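Down below is the structure, laid out as structure tokens.
First chain written, first letter: the chains are A, B, C and D, and each begins at residue 1.
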Amino acid sequence: MDVGIESHFIEGAVLVRLQGELDHHVVEQIRNEIDQKLQENRYQALVISFRGTDFMDSSGLGLILGRYRTMMQHQGKMSLCEVSPALRRLFELSGVLKILPVFDSESEALAAVKEG
Amino acid sequence: MDVGIESHFIEGAVLVRLQGELDHHVVEQIRNEIDQKLQENRYQALVISFRGTDFMDSSGLGLILGRYRTMMQHQGKMSLCEVSPALRRLFELSGVLKILPVFDSESEALAAVKEG
Amino acid sequence: MDQSGQRMPQNYMQIQFPSLSENESFARVAVAAFAAQLDPTMEQLTELKTAVSEAVTNAIIHGYESGVGEVRISCAIVDGRIDITVEDEGVGIPDLEQARQPLYTSRPELERSGMGITIMESFVDELQIESRPGQGTRVVMRKQVAKPPVLHA
Amino acid sequence: MDQSGQRMPQNYMQIQFPSLSENESFARVAVAAFAAQLDPTMEQLTELKTAVSEAVTNAIIHGYESGVGEVRISCAIVDGRIDITVEDEGVGIPDLEQARQPLYTSRPELERSGMGITIMESFVDELQIESRPGQGTRVVMRKQVAKPPVLHA
């Protein structure tokens, strides 16, 4: 199936690349994997890249907002990148754009969570 | 929708490029267009290219065999090209491979119908 | 036109499946494949898929909670418009007005965002929700995809 | 296992639509989207789509000839195998043995190739056709897509 998640530790941050169609079925399967990586990283920094995300619905928003809450609780930093116009519209509608920075490239998103 | 046909007159032959999914619905729509071009060409030569054909079922075989019959009646020449493994299997199963030459490229297929 | 002055659908389909999360992707792809005959833009297709995904996910998560029941989708095409109905026979929605509030969710523990109904509303032209507690929920979405034909008087 | 010793399906779906040629593509895409949960190879997916396309086209062209009736597809998944049933309530097949001959077609004037049933046979593991003249036709196709789970005695 389309489930795809690839996660890396890069310069103190967890970089998660989400692939395929991000719906409720898939989100249930990948949430634990992300949370485990965050624990290993002691919630320092998280970058989510949507380059490979072909589809997303509000279950994906729930995943993002849930990770945002966790990171805030631990004073961690978080950013998003490589967001298609369709996804940007969802992010706008749900207020994600107001609370999280969105960058064009992974390197910009990684630089942003390392600052300060 | 996926209906796609592109036809050209090239050096005395009709070159037809079939695009998309070749099923009964689509075949009904494109048969007349091919036959009209053949009439203009006085049934001299026909090359069908399947480079853009993503899917085909036995309705597509009916289209090919029907054109083959028409071309034979008029002592015209016909060849096929750019056939994917999936299509080749259908051609093998139905005996198309026994009566029609299949080439890798359009130029080879065109050269073959001009010979003799 | 039929007796009631409504125009008859030019095409329709129905699908049914158990409320398993594996079927969310099947449901939206099936509706998109049906809608393809209206020659939608990529944007319209994404909107339809997203709206269907929201309605089906709600039937699975909220309608049938942890149990399994049947989800039914019917689609009709009339004059370039697609009407999509998603139904469950689940627990129903006790307070529809509350449910329609952006960010409201009854299942925050599942990390639901509470944006499903808001997304449906903004991705289709017309959204209608009927629900009876204990009996189920029916979501009707209408979207004009292609131009309607010119009608003769 | 149920009473009869058959294993219950782990998932299923049903679709219904009028016998319009526009729906041929919808039907095979819907079945492929459902079969995707078995993680088929591209080749298996093409085989399933082709077999479904043949059965649905036959229901439309032969079953309902020039009129319009309903085509129904049901799919069930059991232990990595998909069972697909395509049904119509059309004219039926008077001589099944003849119909199954490669290259036999009752509609040569429509440029049918007579290869539909032969293709279904070679693209699935098991093909069963039941038909009653005047009442309709039911085509059942079975295909093992993923490995069946190891059963405990």
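What we mean here is this: a residue touches a chain if its C-beta (ideal position, glycine included) is under 8 Å from a C-beta of that chain, and two chains touch if they have at least 3 such contacts.
Here the structure is a predicted model, which means the values were calculated and not measured.
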Notebook entry, point to check: Hey, how far apart are chain A and chain C in touch steps, shortest way?
Noted result: 1
Item checked: Most distant chain from chain D by Cα centroid -> A
Note to self: Using mean CA coordinates as chain centres, what's the gap between chain B and chain C in Å?
What the structure shows: 42
Margin query: Need the CA-centroid distance for the pair chain B / chain D, whole Å please.
Written below: 28
Next item on the list: Mark out which residues of chain B touch at least two other chains, giving numbers and ranges.
Entry: 1-2
Notebook entry, point to check: Of all the residues in chain C, which ones touch at least 2 other chains?
Noted result: 22, 25, 36-37
Margin query: So in the complex, the part of chain D that touches chain C is made up of which residues?
Written below: 11-18, 20, 22-23, 25-26, 29-30, 33-34, 36-37
Check: Of all residues in chain A, which touch chain C in the complex?
Finding: 1-2, 21, 23-25, 28, 31, 55-59, 61-63, 65-66, 86, 90, 93-94
Check: Which residues of chain D touch chain B in the complex?
Finding: 21-22, 24-25, 28, 43, 46, 49-50, 53-54, 57, 60-61, 102, 110-116, 118-119, 122
